[in-house]
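Think of it as A, B, C and D in the order they're written, each chain with its own count starting at 1.
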Amino acid sequence: MNKGRLEAFSDGVVAILITIMVLELRVPRGADLEALRPLLPVFLTYVLSFVNLGIYWNNHHHMLHAADRINGKILWANLHLLFWLSLVPFVTGWMGENHFASLPTAVYGAVMLLAAVAYTILQKMIVAEQGPNSRLAAAVGTDAKAKLSLACYVLAIPLAFVNQWVSDGLYVFVALMWLVPDRRIESRLNQRAGV
Amino acid sequence: MNKGRLEAFSDGVVAILITIMVLELRVPRGADLEALRPLLPVFLTYVLSFVNLGIYWNNHHHMLHAADRINGKILWANLHLLFWLSLVPFVTGWMGENHFASLPTAVYGAVMLLAAVAYTILQKMIVAEQGPNSRLAAAVGTDAKAKLSLACYVLAIPLAFVNQWVSDGLYVFVALMWLVPDRRIESRLNQRAGV
Amino acid sequence: MNKGRLEAFSDGVVAILITIMVLELRVPRGADLEALRPLLPVFLTYVLSFVNLGIYWNNHHHMLHAADRINGKILWANLHLLFWLSLVPFVTGWMGENHFASLPTAVYGAVMLLAAVAYTILQKMIVAEQGPNSRLAAAVGTDAKAKLSLACYVLAIPLAFVNQWVSDGLYVFVALMWLVPDRRIESRLNQRAGV
Amino acid sequence: MNKGRLEAFSDGVVAILITIMVLELRVPRGADLEALRPLLPVFLTYVLSFVNLGIYWNNHHHMLHAADRINGKILWANLHLLFWLSLVPFVTGWMGENHFASLPTAVYGAVMLLAAVAYTILQKMIVAEQGPNSRLAAAVGTDAKAKLSLACYVLAIPLAFVNQWVSDGLYVFVALMWLVPDRRIESRLNQRAGV
């Protein structure tokens, strides 16, 4: 079984999700700054979700590049990941249009958590298929960054009902952690994880 | 004639359909649980149709992977399948927004039946093109699962006007039958089919 | 310059156009047959445009398969074709929602005519790039079918203001001419064209 | 790391953006010329943005064709470009529906400027990865056309508040400069840049 079509299909879905989100940025009636102002929270959530989907695409790219073999279970684990990612435009729009209210902020975290869990499952299946001595198993390692991301999302969901800005801050922190390629943070995290 | 572009085009259409469906999940006005509640039936039909489209993509992937040659007729048989699949977002939205009323439930079954018939036609044409001794002809076999799916859809359409929950149950049953890789069910089905 | 990305980009655009059209089939409020009835003309125009876009994809597939070289001008001629095809969802929706009124019927024909002209230009540029003795130049031949299609569209535009059903009949005739692989019609057309 | 998936993902995003824009051309209620008239400015901005996205796709195609190696930073620089391009449908719709008012015209220029800056960054990173003696470094040269485009956008933004037609004229000029392959203009520009 070849991985080309799996990559192409995933690329297609993520490309569509990343562009469909922009439809939530509805063209305003007026032509002045007042007309743009209500779009600001929608725009900010759009940037956050664009970066998050970009991170998934990037990591998916690297993971499958290092994989040599796939199987039927991996196809379904990939569709499972795409399912949760497909809900990102909905929760992005809901959080943005309600100006980061508590419940939409918590639901955003829940969808991001479930996507992260789905990614972890997919990664485990792909690593298992390659065998324990594959270069992918070595590259994944203890994966401290992924564990920290999961912990942030688990924390952010209940915290949204105490103070949603803490949750939103955690979402931005997770995105920046993956976006900024800070070698020192990565190596420090790996040291704490005992690598 | 090479099959690469046929696969790429089909992947593109299915990727778009699977993500366009989520647009039917309209961002609600309120930010509380009350605002989410009317979306529940729409969400459930979305899950069902996501799984159904995922099954088609998966089976399409396997079938074309085993095919070595295609022809002009196969291109049109494939477009015929994509036509019925393109109506899935419409019937999904109609059934979900009308809380599984009788007529939308029956029409959902009709579109799924016509897609299944189109898939069967496509498969026959591809098998014929490969020749009787090809590995695809052997892999397809008596195809008891496909016949049972067709029978379920034929039953579900009139039953929707008696009790639509029976029809909806049949749709879920067909999806689970393809999703869960239960070897025992498959082999038992094959035994009854006289294999 | 390789043709792979040109094919992939064109496939992407046509796949999106063919599925975006279905969004014009708005999910109706009611759950009875009355609710579906106003959608009938929209559905019929959807079928017509689906077939037309399918024909373009099919012919594009065959033409580029026979081509060995492309250049910068061909990229732009291809984008020119995609521009007119991108207007198909708009004119399809306009004709369908206005129950085949005169002006929308004429504008539909105008967009189809301009797409056909753009295809002819693209074909000429591709044939020129391959050289006069290429297999593509031989395959294209006198192209009686393409000339008849152009003539039908030229006729249909003014006729829409006399009787739009004649124009709609011409659109269906052109689509069927490409869809039905009737060898006798084709050979007779070629004979009249002096082949 | 291979460039195939980067090309495919970029193609997907641009193909979707170019077709999503056409959704802003809302199907009008009436069936006469009066119903079409308010769509004229939306249609004109659609043509302008279609050409602009086509230019980006064309240049992206040529640049990556000449590149042999990519890295992780290039993936993110490419996503950065796609982010600004993803805002093109929004600013196109805003400018078109407000009949080229000052602020939307300025914002259109700002998004085009940021996309052009993102393209320049991406190009620098790709050239750096190939090494100073690569064929890409030679092909890019002094890039007078890109510098003139950036200057036009920088000028057009403040000028939109004086006379927006000057800004719109500058946008059309930049598009034509890339679209029309006028060798004389190019060579004259290169002479002034001291090549």
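Going forward, contacts are C-beta pairs under 8 Å (C-beta built on N, C-alpha and C of every residue); 3 or more make two chains touch, one makes a residue touch a chain.
Fair warning: this is a prediction, and the values are worked out from it, not measured in the lab.
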Quiz item: Would the interface of chain A with chain B count as same or different, where same needs over half of all numbers used to appear in both copies?
Solution: different
Self-check item: Turn needed to bring chain B onto chain C - CA fit, degrees, nearest 5
Solution: 90
Practice problem: Return the distance between the CA-based centres of chain A and chain B, expressed in whole Å. | Solution: 28
Quiz item: Using the average of all C-alpha atoms in each chain as its centre, how far is it in Å between chain A and chain C?
Solution: 39
Practice problem: Note the residues in chain A that touch 2 or more other chains, in rising order. | Solution: 8, 12, 16, 20, 23
Exercise. Enumerate the contact residues on chain C facing chain D in the complex.
Key: 1-2, 5, 8-9, 12-13, 16-17, 20, 23-24, 72-73, 75-76, 79, 82-83, 86-87, 89-90, 93-94, 97-98, 101-104, 107
Quiz item: In their complex, what parts of chain B are in touch with chain A?
Solution: 7-8, 11-12, 14-16, 18-20, 22-23, 25, 27-28, 30-33, 36, 47, 50, 54, 57-58, 61-62, 65, 179, 181
